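Both of the next two complexes hold chain A, though its partner changes from chain B to chain C.
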Partner chain A sequence: MNIHKKNLISKMISDLKVSRRRFLKASAAGGALFASGVGLKPQFTALAATDQTPSQEAGQWMAGTCQGCTSWCAKQVYVVGDRAVKIRGNPHSKVSLGASCVKSHLALQQVYDPDRLKTPMKRTNPKKGRHEDPGFVPISWDEALDTLADKIMALRETNETHKYMLMRGRYTYMRDILYDRMTKIIGSPNNISHSAICAEAEKFGSYYTEGLWGYRQYDVQNARYVLIWGADPLAANRQVSSYTRIWGDVLGRAQVAVVEPRLSATATKADEWLPVKPGQDSALALAIAHLILTHGLWSREFVGDFKETTHRFIPGQRVDEAHFQERHTHGVVAWWNLEVKDRTPEWAAEKTGLPVEQIKRVALDFGHAAPRAISWVGGGPCMQVRGGYSSMACHALNGLVGACDNEGGTLASNKEYTKKFPKPDAFMDEIAKKGKKHEKIDQRGRLEFPALKSGKPGSAVLTNNAAEGILHEDPYDIKVALGYMNNFAFSCTQPERWEQALSKIPFVAHLTTNASEFSWFSDLLLPNTHHLFEKYGYVKSIANGYRHVTLMQPIIKRIGDYKSDETEVPWLLAEKLAQRGFPNLLDHYKTYKDPETGKAPTNEMEFSLYALKYATQALWDPSEYKGGDRFNGWEDFLKTGVWNSDPYPYRKRWGKMKTQTGKFEFYSVTLKKALEKHAKKHTTTVDNVLKVCHYEVKGERAFIPHHEDPYIAGDKADYPFLFVDHKSRLNREGRSANCTWYYDFKDLDPGDENWDDVAKINPADATSLGIKSGDPIRITSPIGQIECTAKLWEGIRPGTVAKCYGQGHWAYGRIAAKEFGKTPRGGNNNDLIPVEYDRLSGSTVRHAGTRVKIEKI
Partner chain B sequence: MPQYAMVIDLQRCVGCGACSIACRNENNVPDGIYWSDKMTETVGTFPDVRFHYIPTLCNHCENAPCVRGCPTGAMYKLDNGITMHDPDKCIGCKYCEFNCPYGVIYFNWQTPHPFWRETTPLIEGCTLAASEVTKKAGGNTLPYANPDREETLPGIRPKGVVEKCTFCDHRVKKNLLPYCVEACPANARIFGDISDPKSKVSKLLGKFRPFRLKEHLGTNPRVYYIRGYNPAQYEASKGDV
Partner chain C sequence: MNSDDIIHLESLRQSIYKGLATCFSLPDTTLLPVLTRLEQLLAAFHSKARDEASQMVAYLKDIHDYTPITIEFTRLFVGPFGQLAPPYGSAYMDGTKTMMGDSTMDLLERYQKAGVGMAESFKDAPDHIVAELEFLSFLITKELEALDTETDKTPQVFLLQQKEFLTHHLGLWLAPFLEKIRTHTRSPLYQALANIVHTIVQEEIEYLDTMLFTEADHPPINESSSP
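Let's look at the complex of A and B:
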């Protein structure tokens, strides 16, 4: 290691007076050198001089897609022979703009990770537990799939197909083959996705205001103010590559403010940092709304105006709804009267711990930038017990300034023309139909779990609660489970519950690249392909006013006996089921015909390819053309690797939002209807539903974005610090922990250290505890504890402690774990955060979830 | 003969380090050695805190102390301004490393890439040893080794010699940009010929007041920095007494 590395920037940059003089002198000297260079004879123009070599590079760049995070960027892989060597952005994408973020490169260390499973494996130790070596031994794919098929057939014979469960982690849009069609045709309601441990509460805010259950795109290139809530787009999710590409220009044109208790990567590149007290985001959002309304900065074009110029929004005073003529919004006056009129900046300063002047400055600058003012809602304010309404409050600002669906504002998705796979209904027999009718294992829709996805009670997944369903056999026991590209025994809060749940299931199969914590409790391990290099698939994503559909394809030699999760494995399993007298699944898959030849697939590789061609036909087949980029045919599309949509049609959704009123709802008639529907189903009141869900609100305020103090585990006297979880710019969704580059560059996360897992503590707090940087510490919450290293850092709000998610693996590989199967490297944040939910969206709580105490070890 | 220089636009730089990992990748650089690196600093007291980031690499100084101090001529200048190193002539005395005021020259203390030379699998019969991965993939020490690097230097530098950034001389030679420049997702690195007044680098150096690291030493670095990492707006005032 080089000692000079520790030099401070200030030492490296010379005194300007001196350097100015030197600079001039240097230029003169440089000039002389250039002059002499021109006169050199050809024989002196050695080595690095530009020569006539026509060859450029030894390999070729082939199209693929990165799923290291859900940006889902179009990539190109430099392939030499049949080996992956380098990765870059696909220049054809209008979404990822040819850029390739730092974490994309780690895919090389993933695909060639020596600890990847090279063959199927079975467990030989029947006892399951954290300290039980599973005794994995290699087996053939034949034996592995025979075993799995036998287990499924046994359920069909006893009419217990609902006791089969599919758990999904990272997926492509080939997912429905395995996740939906296979689960349905076997006959189970239990396809459980990971979505609720990701960010569903983020979608809650946009749905119950503008009828959009999905991620937004942010038109930052045309914006004049970008207000970011608990999102870190320069480090993690979404569109890290393309925001990185344009950020320097964004900073030149717009003011950027970041609301987050720690100085995030994006906050280091912003004009304004608002280190809010965790869980008080809605207080800030409502004060901003208050200031926008009282200063008359709302969008007349979008929201409307008072009928008489004499009427105004005056702090603390009610407004008569009859005096205001609304245009494309609904309930702005109701919102003012019920909530916003009292949400003064002084009140918010008290709640948020931010200075009044800063709140005013940000609110007025944001308002003056209208409608080119973006309120960017990330997971921070939302993935909290009372996050549903914070999500609405932060998102509502987009309505107030008319940024919703507008130039320089927040946009929905562009149209794309991929096709759904054939319907499974005709292949579902009586057993399957009966099996599918059972209640889902995650208990969604029960009184305490409204899970109101897209306005429908009981429609959102409760990923982390499935563990409870399994453990308590409520509604029933699970007998056979298949998980793919998931690691709930690490990635869910209180993962020990998953260890117990998986131990309880008689047969668990895991489709995975590495022997993870989930695998440790599995009976069968199936080696999966790596998305970027080894399988067929496609995904869609949005940014910069475009949507792209980007392809994955096998472009390198598989050095292990891997099979792709969403196409090859289900096909091969379908063959096994057919051999056992249950041909329905195979018959269904045979309907995925090659659009070019009309041929039905005859093996797993043909199936993968035909399924992909089938789903994307309208993008590449000139006779099916509907819009966006044009291709001459399949080969042309495959070679380019990405299709771009037409540009975004601004303001097209104004007056046609998918809400109950068709407008942007500050008073959410849509939420009212959903909550009333859920209450009616359980013959109770909306007030009671919210009480059971740990919300405090009663009456009409339940239908508007409002403030509630956060619901946080732990007593302040015993647990003095609020725990702040955040993501690393090197995390590939927690799957890069076995890459050496991850640790050799960990200090790219502001405040973090290489080859260490640090908790960032404000020096003022640390000093009072007698803790120094580098001290080993134990962090304890009411439900668990971890050990890591202390790092004193000014970029963190006093009274909080921040730690990056990603380390703390005790399995996964030789680097990820300090000692594989035994000792973790660092600590897993999920061991500290109690299992809780924003029950309205089903989301698992990650932020403002717990208090902790810190001790020096 | 072009005279190569790099301009790093700190406003475009987001401190992501993609340059550094891409460099590892392009040049098969071992862990712990940073041809492309950075300096970071957190200044101020909460809540008035700023984080600063300056990407660093070999400055390819016109007046290079590493070249002047090298007893064997292993460290030398190309006509195009690139500071090159020949591991065959290197005796591993590390004078260059000590003479370099920027700390961007590294000595190979061990056989490089020990991780990839391991011969034991994690789970016997179920996973591969790291060295088997490379063999099966067809790489060279590293499974993802870049063969292009071998065109002007050993693809993997041996133990007992120094190594450092070469401005990707093997690429520049073929009219390709240095890989960190190519790979920078923020377009923060601009490369070109400063002897040509019409080049992109010359134009930028004419537009902004650039700075270089430790200019007072007279090394005349060929790596220039423009604009600021934290171009934040702030409320105008005259301060107070």
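Let's look at the complex of A and C:
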């Protein structure tokens, strides 16, 4: 022993001797104890030896994608060590333009949310209900997936695979692995997406005019007039990041008008705010059409013209169709004769509550800007009981001024070259084939639910109606359900129905980042990855005349036992099913081979990576190049993180639209065919179909954009105010409710207050009720009530009350809920809005859906 | 007293921390033997916490169904609908309501400087109580290695690291954490565990103060004596 060491140990002994006799005893006892082998083995569970030293290096920017809303912006994340510390727009994206809205930064609080579900858990309390503590306890992934696999196998053994149900919330384009392929190979028709609580009705208008069932892009940088209906592009409606960057230029070049009962973020920056009466958007749109036609402002290039210059559109007078030569449109004269000729600005002023002069000014300015005049249709006018035709009316203006598919107008999607995953058919056995043939649990396609997606009756999802199917076992009972990144027990209107429906299903698994209201009624909780930081995936998005395909990749170390919803979990479940004698799903997944090596995946991480490379191969493999950005291989693509399409080919769709006539249809032959097909299926008339769908229209007007007064729940005498729901620029879809920054910056939403959930009431109305700002109030609709705080605000139309969607959670986290698992923070708008649908598109009603009364508490 | 005595003493401490870390893991039938050993270790250490450990052992011996304990553990430390006693340093130290904040970065740096990182199989945060208790056990392991006469390492360096970690990190959040357990638990098991940890850490700080009782007595810490 060297002297130095001897001295050190001697000093330790000496220190002990002089201080504490107890330690002397302890050392002796310890010797005896360890001699008998009683010590605990120093094997660590949390720690492991490492050669790594604290890094002095700066971090690096890594590519990812934000899914805080449906903009799906390309991002870069600054990663230091294993930690994400900041976020910026990916400068390589021609869609996101390197910009970042405020929402994306909340992802940092989401990924490091201490309330995240970190381990699989199982329910120990078999009773389900709002007041039944589920008694969740942690289990391993092995046990969790064993349990789920056993449940699925039990359905296969009894030929009841149709009683398996998959519920999808936020997704990436890896979705088909879980949503489609897995559901089909198991043998169920019940893959139910959230799309109908999101946006389907606004797709209805573009489909039944120009054959486009999808979101449009708006060529705002080339526009001279932007007329926005119930959308808030600076806050919550697609490409918020890039619009935030370029909106100053847009305002410099174009007039902007916003139609919405409340002063939205976009309206605060607009030239015109048109605080329309809820549900009367189509009246305004038709009056604008009327003025465009009577003032001769329509696009001759797109719509055509009278054969004789002496003919004109004169208010109230019919036009002979033979006098008009249409070019790329169909039925403009029929539309005029059946509807538009009588829709004067004076008539519209009475319906909408807007001044005649403003209607005229907006219509004529819009018309004079043609064809660089955009009619931008958001969810506001469409997610209404009679929203399908409003959607068509607002969108038809794009046809009238020739903005459709034109420079400075409204555009479809650019071509992209991702590949669909391998087909599942060869892996579907007889049980699966039979199971898939059953009617879907959401009852789409029944007489009262035409759900006419893309012209096919019964093809659109009725998300919220699946609860009815489950509750009433109609068409059958659901026995096993898996939900991912969804929270229907909060996000659907009348969410208590979902509480009951989920309680009724014998086995529910929930794949989620946070224990939500949906989780409360589940039997199994599976911790999910965060989209921006922890998983492989890709999404597609459009704006500025481009389309991008932007990647997600694992860029930080997972600090919980998370697994990716759309790739890792289905692979691991497939392994479990194979162990139980049903290898079809695993065999199918093994066909997703690495395009570079041809190697089949052997585990869930390889599967995730290979599936992504497979789907995007034509974007990064030089030998498969088809267009857009070029890359030198996978690593080059992964590092850049985003592929951009070729520029938009303006006017290429003119005359070749996917409608029955190939033209932009003001008289929708496409809708006529779809409705007649649905009526024939139910051996009834189109008039009757529309009647059971709560529409008033009869005859030929059913095939044109027309006006109907809104169908709103509640009597005006009992419920004097119309309820206006809107979205936050911090939380369009959800998932921010447990972030403190959401509340710290809530006043970014015009009229809202930090750390509060306010209902915005016009001061004139509030005065008559004796209510002042800060008063606690109760809002009651015919189906429910919530409590929140009053805010007097001039930015809301008198006779209406507006409240931002997003608060009112009683679960989701310690910030989201006032008392986690028990008491909500604020009020959930969905507790006020009755379950209704625009039954033609399947869309849930969120706007112009109910009247309410307000009481000071 | 000789060097073997010191090794035995420090081995006791090392095992006690390891035993405590196990107590903050999901309880199952392996908990009873661990607690039984912990009781013996505390007895050997003449710790005031011994009696409470005996009570825990007695309590567990009567338990045949671990489900209620598992539910209680989950309610306190896992959630998913809120943890009544969050077992993470960041819940008490940063005030930001996010994980992987400054205190966790400080912690990771301490881990790495000591030659240890997070195990791949551990699916939780670096500032989880299990990791921090294991880290103390790890530091004592390093101290025991340094007591080997064939090395040039200085055992006091690791004693100092233990002291610093207890006073500047774990010790800063342990008290409110234990208080939350005491306030919210319905189980005598976790009530006792909170008391045991409280007592042991107090004794530990006292012990380390003894070993490093004056600044002047600290051995020189330089490059050559670092791990």
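Operating definition for what follows: the second predicted complex is superposed on the first by the 799 of 857 C-alpha atoms of A that agree within 3 Å, B and C clash if a C-alpha of one lies under 4 Å from a C-alpha of the other, contacts with A are read in each partner's own complex, and residues count from 1 in each chain.
In this section, a residue touches a chain if its C-beta (ideal position, glycine included) is under 8 Å from a C-beta of that chain, and two chains touch if they have at least 3 such contacts.
As the structure is a prediction and not an experimental result, all values here were calculated from the model.
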**Prompt:** Between chain B (first) and chain C (second), which does A:I857 come into contact with in this model arrangement: first, second, both, or neither?
**Reply:** neither
**Message:** In the overlaid three-chain picture, which partner chain does A:S519 touch, first (chain B) or second (chain C), both, or neither?
**Reply:** second
**Prompt:** Thinking of the overlay built on chain A, is A:P114 touched by chain B (first), by chain C (second), by both, or by neither?
**Reply:** both
**Message:** Contact-wise, after the overlay, does A:T124 reach chain B, chain C, both or neither (first, second, both, neither)?
**Reply:** second
**Request:** Considering only the touch criterion stated at the top, classify A:E57 as touching first (chain B), second (chain C), both, or neither.
**Result:** first
**Prompt:** Where does A:D561 make contact in the superposed view: on chain B (first), on chain C (second), on both, or on neither?
**Reply:** second
**Request:** In the three-chain superposition, say which chain, chain B or chain C, touches more residues of chain A.
**Result:** B
**Item:** Residues of chain A at both interfaces, chain B in one complex, chain C in the other
**Value:** 1-2, 4-5, 8-9, 12-13, 15-16, 19, 22-23, 25-26, 29-30, 33-34, 38, 40, 44-51, 53, 81, 83, 108-109, 112-115, 117-119, 121, 136-138, 515, 525, 557, 559-560, 740, 813-814, 820
**Fill in**
Seen from chain A, its contact residues with chain B in the complex are 1-5, 7-10, 12-16, 18-19, 22-23, 25-26, 29-30, 33-34, 37-38, 40, 44-51, 53, 55-59, 80-86, 88-89, 99-102, 104-106, 108-109, 112-119, 121, 136-138, 234-235, 241, 244-245, 247-248, 251-252, 255, 263, 265, 268-273, 275, 361, 515, 525, 557, 559-560, 729, 740-741, 744-745, 747-748, 750-751, 762, 764, 793-798, 813-814, 820
**Request:** Would you tell me which residues of chain A are touching chain C in their complex?
**Result:** 1-2, 4-6, 8-9, 11-13, 15-17, 19-20, 22-34, 38-42, 44-54, 81, 83, 108-109, 112-115, 117-119, 121, 124, 135-138, 514-515, 519-520, 525, 557-561, 740, 811, 813-815, 820-821
**Prompt:** Residues of chain C touching chain A in their complex?
**Reply:** 1-6, 8-9, 11-12, 14-15, 18-19, 21-22, 25-26, 34, 37-38, 40-41, 43-46, 67, 70-71, 73-74, 78-83, 86, 88, 90-91, 96-101, 105, 108-109, 111-113, 115-126, 128, 130-131, 134-135, 137-138, 141, 147, 149, 151-152, 154-156, 207, 210-211, 213, 217, 219
**Item:** chain B - residues contacting chain A, complex
**Value:** 1-3, 9, 11-18, 20-22, 24-26, 31-32, 34, 37, 39-42, 44-47, 49-54, 62-63, 78-80, 82, 84, 97, 100, 102-106, 115, 118, 121-123, 125-130, 132-134, 136-139, 143-148, 152, 166-167, 169-170, 172-176, 179, 182-183, 185-188, 194-195, 210-218, 220, 229-235
